[in-house]
Amino acid sequence: MKHSLAEIAGIAGARLIGDEKIQISGIANIASAGAEDLTFVEDEKLLGDALRSDAGAVIAGEFAAHAAGKPLLIARNPRLAFARVGSFLHPARRHEPGVHSTAIIHHSVQLGKQVAIQPNVVLTEGVVVGDKTRIGPGTAIGADVVIGSNCNIAANVTIYPGTKMGDHVTVHAGAVLGADGFGYVRDPGTGRYEKFPQIGTLVIEDDVEIGANTTIDRGALGPTVIGRGTKLDNMVHIGHNVQVGENVVIAAQTGISGSCVIEKNAVIAGQVGIADHVRIEEGAILGAQCGVPSKKVIRGKGVVFWGTPARPIREYLKELAVLAKLAKKG
Amino acid sequence: MKHSLAEIAGIAGARLIGDEKIQISGIANIASAGAEDLTFVEDEKLLGDALRSDAGAVIAGEFAAHAAGKPLLIARNPRLAFARVGSFLHPARRHEPGVHSTAIIHHSVQLGKQVAIQPNVVLTEGVVVGDKTRIGPGTAIGADVVIGSNCNIAANVTIYPGTKMGDHVTVHAGAVLGADGFGYVRDPGTGRYEKFPQIGTLVIEDDVEIGANTTIDRGALGPTVIGRGTKLDNMVHIGHNVQVGENVVIAAQTGISGSCVIEKNAVIAGQVGIADHVRIEEGAILGAQCGVPSKKVIRGKGVVFWGTPARPIREYLKELAVLAKLAKKG
Amino acid sequence: MKHSLAEIAGIAGARLIGDEKIQISGIANIASAGAEDLTFVEDEKLLGDALRSDAGAVIAGEFAAHAAGKPLLIARNPRLAFARVGSFLHPARRHEPGVHSTAIIHHSVQLGKQVAIQPNVVLTEGVVVGDKTRIGPGTAIGADVVIGSNCNIAANVTIYPGTKMGDHVTVHAGAVLGADGFGYVRDPGTGRYEKFPQIGTLVIEDDVEIGANTTIDRGALGPTVIGRGTKLDNMVHIGHNVQVGENVVIAAQTGISGSCVIEKNAVIAGQVGIADHVRIEEGAILGAQCGVPSKKVIRGKGVVFWGTPARPIREYLKELAVLAKLAKKG
């Protein structure tokens, strides 16, 4: 479906320079954009490429205001403006509402309006599903799980009993939510490990996105909590009783051990390891593969930490430089 | 259901001080315990908090024997005693025995007594399932797999043909057991990788627990073995022909390459990487994120290793300290 | 089924020394081989063990040409020869062609000849499946996915809409192909993360093997591509818009961030972390757990890199040695 550039400028919250009647039907990167596509450029160095491309129009920053050759949308944050146009032109695939005949739904289950319950879904006793939520094929949901409205739970997800989930939550395929935490006590007599009770819960707040094959354990006694707006990439591991604040970003394959607190606005790169009882304070940034030992506190809004044990990146880079110098001499 | 503190003391193997008629119905941590809850304290510093809490009674160590204000259960190992009371008061969710009508079960399958075969389970030719074992929704079990009694296999698990599993094994959702190992041989002529045969087996002994989305590969020629009582956290990877001994603990996201031997009582933290043909000897301890290069032997009961390549933690910490000092000077 | 050693020599492309009428029915390692088994030895030091074993015959290199005691197959590459005999004697389990009655198949789906569509498979609108391809139990395949011929898709796999897959592709259980990449833009006003469009595709070329619980994301705008003959181990993560060339090997738990290019013949060990926009040039080798920072180029056919940030292993080992020496002094 086509939209005038004037309409697109409104969606983008951008200033239009050039022909407002140009028709736009999609978004694309510079290399593949066609005449009906909008592309974007954040970095002034790429502006020439964008202007020479086949794109119908370009979203760019203020730096492009005097450029010629194509209709322009000037935005304060070109990436954000582009993302919004993308969401408008390419909305998420709509799942046909309805309950598939192969879904297995306990008579006590409460389904909201316009839910899409897809093939082979299993909804156990006491499950509640909010309006317009989709549950994908093969997903198994345990007793008394509550899922909010407008959620998108993909295929082959498993949600353990008692998990609570807010609205607008996206869960990608293969994720496992609310499994037992990893807690044992060794019997010094027999040498055997006995299970420490894992009877807590898992609470996932609104607007969370959870990547494919990610696992989040229930609490041992209290809850594990994932705060509003937090985004988890694929294969992230969150241990029991972890408290993740709002608007936290955690990249792929990072693991967070039991009872950690990750405060709001923290940014955690991929393959980071955080031992138990750590506190990552508001807005701290952990570089890829870094490791935080047990019970440490990481503090500093906007400060980047790196290495194992994690330290301010300036220190770490200096250590690397000193070491490289010594090795060259040696 | 309520139990007298006298009965609870018996379960805990603890000495009761105070009112033995107090009624206890659950366990909880100090912060959330109510009047019918038992809580516990291992660390003398937290004893005051426990005594001031709303808990009905407190399990603690000998250090608390003269404390006042609450009924006490004095145990040599308060955490172990608490875990046992927890198991008693909050037993694992019982799965209703029965075979769900949507389960697809080959006529040659042998089912024990009181099994719970849940919706959409697939049991292929020759599968054997022991008494009181539960197989969760969507779990697919390949030909000739043998599963013991009292096992709990969660939802969306996949078990490849020929895997053998003992009794009292717990497998969390999304785990994949017995897939092909990662073995190829390059044809120098074509540059293509050809598959090295992956025709071995996987043997999982009694009392093993396997975390969510963990993968354990079958052997290439012989078996992969997970020893009795061993506990694997989420997203652990065990390669082909690995031999894991008894009572080994392996935390989340650790990977063990082909043909390693992990002897009994080893403790392996999270995100550890162990290259092929490594031997971790009895009782060694590997710190989080450490890396053990190919063919190394790690030796030392109770010795902690850290870093990549893994070395005794004392050495590693000394190196870190020296480096930090040099960087400050530099 | 038995075959004469003469026939086996032909399969192996090896020179036969000894009794060509010996009957061989299987392959085995030295320790477990029986009278009808073929075993192999690459390392001259193990030749004695092989000759003293119960094996019916031994594949070995030229070094064994004058050994006595057993029929021998002399091959330039004993491991490759052995693998080929293994594939011949133990062909992959054949899946009975047919469409199981519980499979849910949209009327628009095109199925090739002799496909095996197993229980509880879901094939959504527009899916195409090539000849002789197997789709395992519980696997869910989204709209417009195209799968080639002779593919083996195991159980509980999820393939997102639009993914294209060539011929002879193997996908192990629990893998998730084509999920959304991890891309957000922060609104500086609200502090909330908004989703960057993830509307690209995933293309998997011929002869690729994908390990259990591995995740490969679709592109954000363009495609993610996995090149012909590439092999991915378990729990590998491939981010959006990554381009992996031909005959690349990537071991377990490695993660590759968005927009990286991995050129052909690269070898990447386990738990490696590669940040976004990195280029790994042809034939480079990344050691286990190493880390490559954003936008770096790793160059050197056959050169091994190690450490974080990844550097040529010679440099890294020298740094380690210098540091250990300083720590001993200090």
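Which chain is which? They are A, B and C, in the order written, and residues in each are numbered from 1.
Quick note on the criterion: contacts are C-beta pairs under 8 Å (C-beta built on N, C-alpha and C of every residue); 3 or more make two chains touch, one makes a residue touch a chain.
Quantities reported herein were computed from a predicted structural model and do not represent experimental measurements.
Note on subunit A versus subunit B: their Cα superposition corresponds to a rotation of 120 degrees, in steps of 5.
Interface residue usage between subunit B and subunit C, two copies of one sequence, is largely distinct: under half of the residue numbers at the contact are used by both copies. We define each chain's centre as the mean of its Cα atoms; on that basis subunit B and subunit C are separated by 27 Å. For subunit A, the set of residues that touch two or more other chains comprises 102, 120, 138, 156, 174, 213, 235, 253, 271, 289, 323, 326. By the touch criterion given at the top, residues 27-29, 31-32, 77, 79-80, 82-84, 86-87, 90, 93, 100, 102, 118-120, 136-138, 154-156, 172-174, 207, 209, 211-213, 229, 231, 233-235, 247, 249, 251-253, 265, 269-271, 288-289, 307, 320, 323-324, 326-327, 330 of subunit A touch subunit C in their complex.
Residue ranges of subunit A in contact with subunit B, taken from their complex: 102, 104, 120, 122, 138, 140, 143, 156-158, 160-161, 174, 176, 179-180, 182, 184-188, 191-197, 199, 213, 215, 217, 221-222, 235, 237, 239, 253, 255, 257, 271, 273, 275, 289, 291, 293, 308-309, 315, 318-319, 321-323, 325-326.
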